[in-house]
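What follows is a group of structures, each given as structure tokens.
Shared between the two complexes below is chain A, which has chain B as its partner in the first and chain C in the second.
Presenting the complex of A and B:
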């Protein structure tokens, strides 16, 4: 059975410092506490239509820009303090958040239904139904304080 | 129980003092105290005795976490007496307690990020449910296997 913190690809978590699991409530409090959060949305996965309703700055990839360009832009600007990811192909995202982990002070949070060991904070492995409910709850709590 | 608090896994703690040093760096005074070699964190009580006993109402709630208002605090030390685990203390005539860094610009508590051994975790009631769920499933599996053997 896949555990809560087993990476989808075993090579993703290459060092000892793996991401910490967060629940929806803690993710919401992190988003509320951050001054300039940014959401990077891909084109895969479920719950993207709900995440589009979030009242925070967004970058759509690959529609607006390439993911790695977006990451470079964010780490060079140093304006944002929290970067949230969802709906991006697993191994692309693993690369992008590794860049953030090693070359910037920005906190990264992934809210996919899979655990990402390279992020600073990540949702655990979840069933699709469970994940969709978590996303709905997150959007509701962030938009309605 | 309060919705959010920091918990420590003593078996993972290597007594490196990173959390204490980081707290001192951020807040000026370390709000984390040591009992023996292991750090003790505020339980963020739901009905906080320190807040109830304060004669000048210097402790207020922000996101259900008790925080000391430094301008109001008179340093009488009543909260120190009332606290069941000694997580609030008087230093430089002001009460200090862990606020999960809610009074700073940080997104998450500094000590949790500073801990290299992953001994510190910021958890909430939902996280506890996840942990309990796993244990519950394991128990159900053991019980059902035993039952099958008996049948």
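Presenting the complex of A and C:
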């Protein structure tokens, strides 16, 4: 699939500031360096069963909390320094995450197989198999220092 | 204007007096004092932009705007483009919050203007036909004929002429509101939001004018719970007849067509069908008209080639409709000044001359609706003969679909440009092998926007291919919809007023809005079904009303076949088109007026406060797409009705979300401020998927005034849907259980156990008469 750094839905970007691409290795190092990371995990995609094993705080959306409520809570509490997203409907997250981009200092990282321009850091567009391997590796490296 | 006052003492050289009372009236312009003193006048008749600002600010304090900027920049003036990201300001000084709220206001103004323009056109047509003194009579069952107009304007409209005054006010307000968005005007995001709420209220008012006018002028059902069932769906049209397709929202041209057909006994020759709200309103006028479906099906239906003549009026019509119609060999008639499509205005010609001209040019603009009936009908007769052998050839055959799919290069860009990220490429891969299973799934969900086609490097006609697959494999696309009944009867409100306010009827769910559904129409029907079975009152309008009808059970029955059209527990009430949304807020207002005896006249704030705290209603706009939907939802919000929108609606950029903690209300009986749980928790919020939407509905129906039995029932449904769809207890349940009396008997043990884990403590005080006005 072409265009690893074009937003997965090409119109999802918000014009000026687009996410920096990160590799699995950098993502792992970001999570390890973070004092209070949190994972907001949706219900779509194939890496979820692995991400459930990730040893960090999690919110399952929408079961535990609506995505916007979760973003608002994290943004207001200022407790977390890194918020990671995965498994959320692409266009829905692409729009919701702009709130963090404009109104919060928290670092946002998306680890789906689709490039999310409105996060601060994002995985690039990837084939599903390649992405699954990346997720497995990320979980292994974070959980086993 | 009326002036009254007591003067304690006048001392002047000519007159000395004590306890003098002076009463008189001053007449300004053409304003006429209502002859009947039906209610004492409240504080805000014909409110100006700032008159309800205090109320708006109370709402905005509890539900602060949550912004999701769709663009980092402002591009509205030549100072810019300005980068507003990450705290930067534009050259005019505007910041990102104010810019978002400004765009929201612009959207609401577009929506309000659209409904005001539509209503003005309908009203103008009817006044020309019947005169200004034509009475507004909605029958014996409806005394409170115009609850929104009574509350906002402070008048009881008695004639079509009275409705003109309401529109004069709307148009004035829209002009002021829109002017506030100019560079260098409003600078506060809260004030922009207050103005957006005002625009929403004006939109509601304008819709009420339009719908009341068309109900009385076109003799549509007047609150008839047994309005007829109308045929609906792509397969309900008799292709052997000449077919006229009306698309849009304005009933006037469609009604003229129906008149001409009846006057000339052409019912057996001509089929009239419609897409979007025009379809609903024409079927309210004449139950022979058929409804194809929501706006999402328009490209598919046009491409199917069934229509011989396409008549467009206004709103939500594809702007490339002319190009698409011409490809099928049909002809197009535009009938409204808002959509002229570059066509020559033929209104001055005679009907026969217009027919000749359109036969030559294949399209024309007719702004004289009296001519549309004959022209469209006679053209349909000619064109259907002309297209007799080509009509069925507009779509590729199934073999051709397979051959086209074989040209697919599997680049995957169709998936990426699809608004819903449907896996179109996999569909093509299957079709190459002659496997159409995924294609069938795509047909059920796709709303045919055509973005995949525009991106395809092989220019594959993906929408036409999908339409063919649907046409070939689905033979049962014939459904039913109950014709829009218009307003709710006063007696129905009397019957349900107390159960709604005390919570014994768990809520009113209003399924409204456009067809930008994330997974097809069926989800709307599933939401309706869930709450009909739970004995909520389900009301609906517009494209959502059609979507509800586009699902059948094993016995082939739609929800309209299965549930009564009365406004009662377990009733499925189709009010009509999107203009008819006014009857949904109207019903909430009527509860305040008829059940609680709250005066309406110029009394907006008190009525809205009552609805917010006591009427458990929630709007669901699952496919909200348009600016009209934005203004409708914002209008509902100002009345205190919360709204759930689908995931695409985050692109409206703004939601109103509380922080989920306790709210404060003033208890009018104890005269003190009391803390309550967050009910209703949000004023407008999105849900990611149908499951989440269903689980939000019972929660957003909770109100501060719920009695223990009523709250218990709402909690029962909240827990029950959560367990059904997520397999667990709601994670925030403790916020909504006030005392042990709120715990439903059937779930006592598990809820008590849950509450124990959460360290829940019962509330010491519950408000008896909660209000935000103090």
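Rule of thumb we're sticking to: the second predicted complex is superposed on the first by the 144 of 145 C-alpha atoms of A that agree within 3 Å, B and C clash if a C-alpha of one lies under 4 Å from a C-alpha of the other, contacts with A are read in each partner's own complex, and residues count from 1 in each chain.
Definition applied: a residue touches a chain if its C-beta (ideal position, glycine included) is under 8 Å from a C-beta of that chain, and two chains touch if they have at least 3 such contacts.
Keep in mind it's a predicted model, so treat the numbers as computed, not measured.
*Asks:* Answer with clash or fit: chain B and chain C placed together on chain A by superposition.
*Replies:* fit
*Asks:* Considering only the touch criterion stated at the top, classify A:17 as touching first (chain B), second (chain C), both, or neither.
*Replies:* both
*Asks:* Write the angle, vertex at the C-alpha centre of chain A, between the C-alpha centres of chain B and chain C, to the nearest 10 degrees.
*Replies:* Nearest-10 rounding gives 140 degrees.
*Asks:* Touch check for A:102: first (chain B), second (chain C), both, or neither?
*Replies:* In the superposed model, A:102 contacts chain C only, not chain B.
*Asks:* Where does A:143 make contact in the superposed view: on chain B (first), on chain C (second), on both, or on neither?
*Replies:* It touches nothing on chain B or chain C.
*Asks:* Going by the contact rule stated at the top, is it chain B or chain C that touches a larger number of residues on chain A?
*Replies:* Result: the larger residue contact count on chain A belongs to C.
*Asks:* Of the partners chain B and chain C, which touch A:67 in the superposed model: first, second, both, neither?
*Replies:* In the superposition, A:67 contacts chain C only.
*Asks:* For A:90, using the defined touch cut-off, is the partner it touches chain B, chain C, both, or neither? Pick first, second, both or neither.
*Replies:* Touch partner of A:90: chain C, not chain B.
*Asks:* Can you give the closest approach of chain B to chain C, taken over C-alpha atoms and in whole Å, for the superposition?
*Replies:* For chain B and chain C in the superposition, the minimum C-alpha gap reads 12 Å.
*Asks:* Once the complexes are superposed, what residues of chain A are shared between the chain B interface and the chain C interface?
*Replies:* 17
*Asks:* Touching residues of chain A toward chain B in the complex: what are they?
*Replies:* 4, 17-18, 20-26, 29-30, 33-35, 81-82, 107, 120-121, 124
*Asks:* Provide the residue numbers of chain C that touch chain A in the complex, in ascending order.
*Replies:* So the residues of chain C touching chain A come out as 66-73, 83, 85-86, 96, 411-413, 416-417, 419-421, 518, 647-648, 650-651, 655, 657, 659-660, 685-689, 691-692, 695-696, 726, 728, 731.
*Asks:* Quick one: which bits of chain A touch chain C in the complex? Just the residue numbers, please.
*Replies:* 1-2, 8-11, 14-17, 42-43, 61-69, 72-73, 76, 88-92, 95-96, 98-99, 101-103
*Asks:* Touching residues of chain B toward chain A in the complex: what are they?
*Replies:* 3-4, 63, 102, 105-108, 112-113, 116, 118, 121-127, 130, 134
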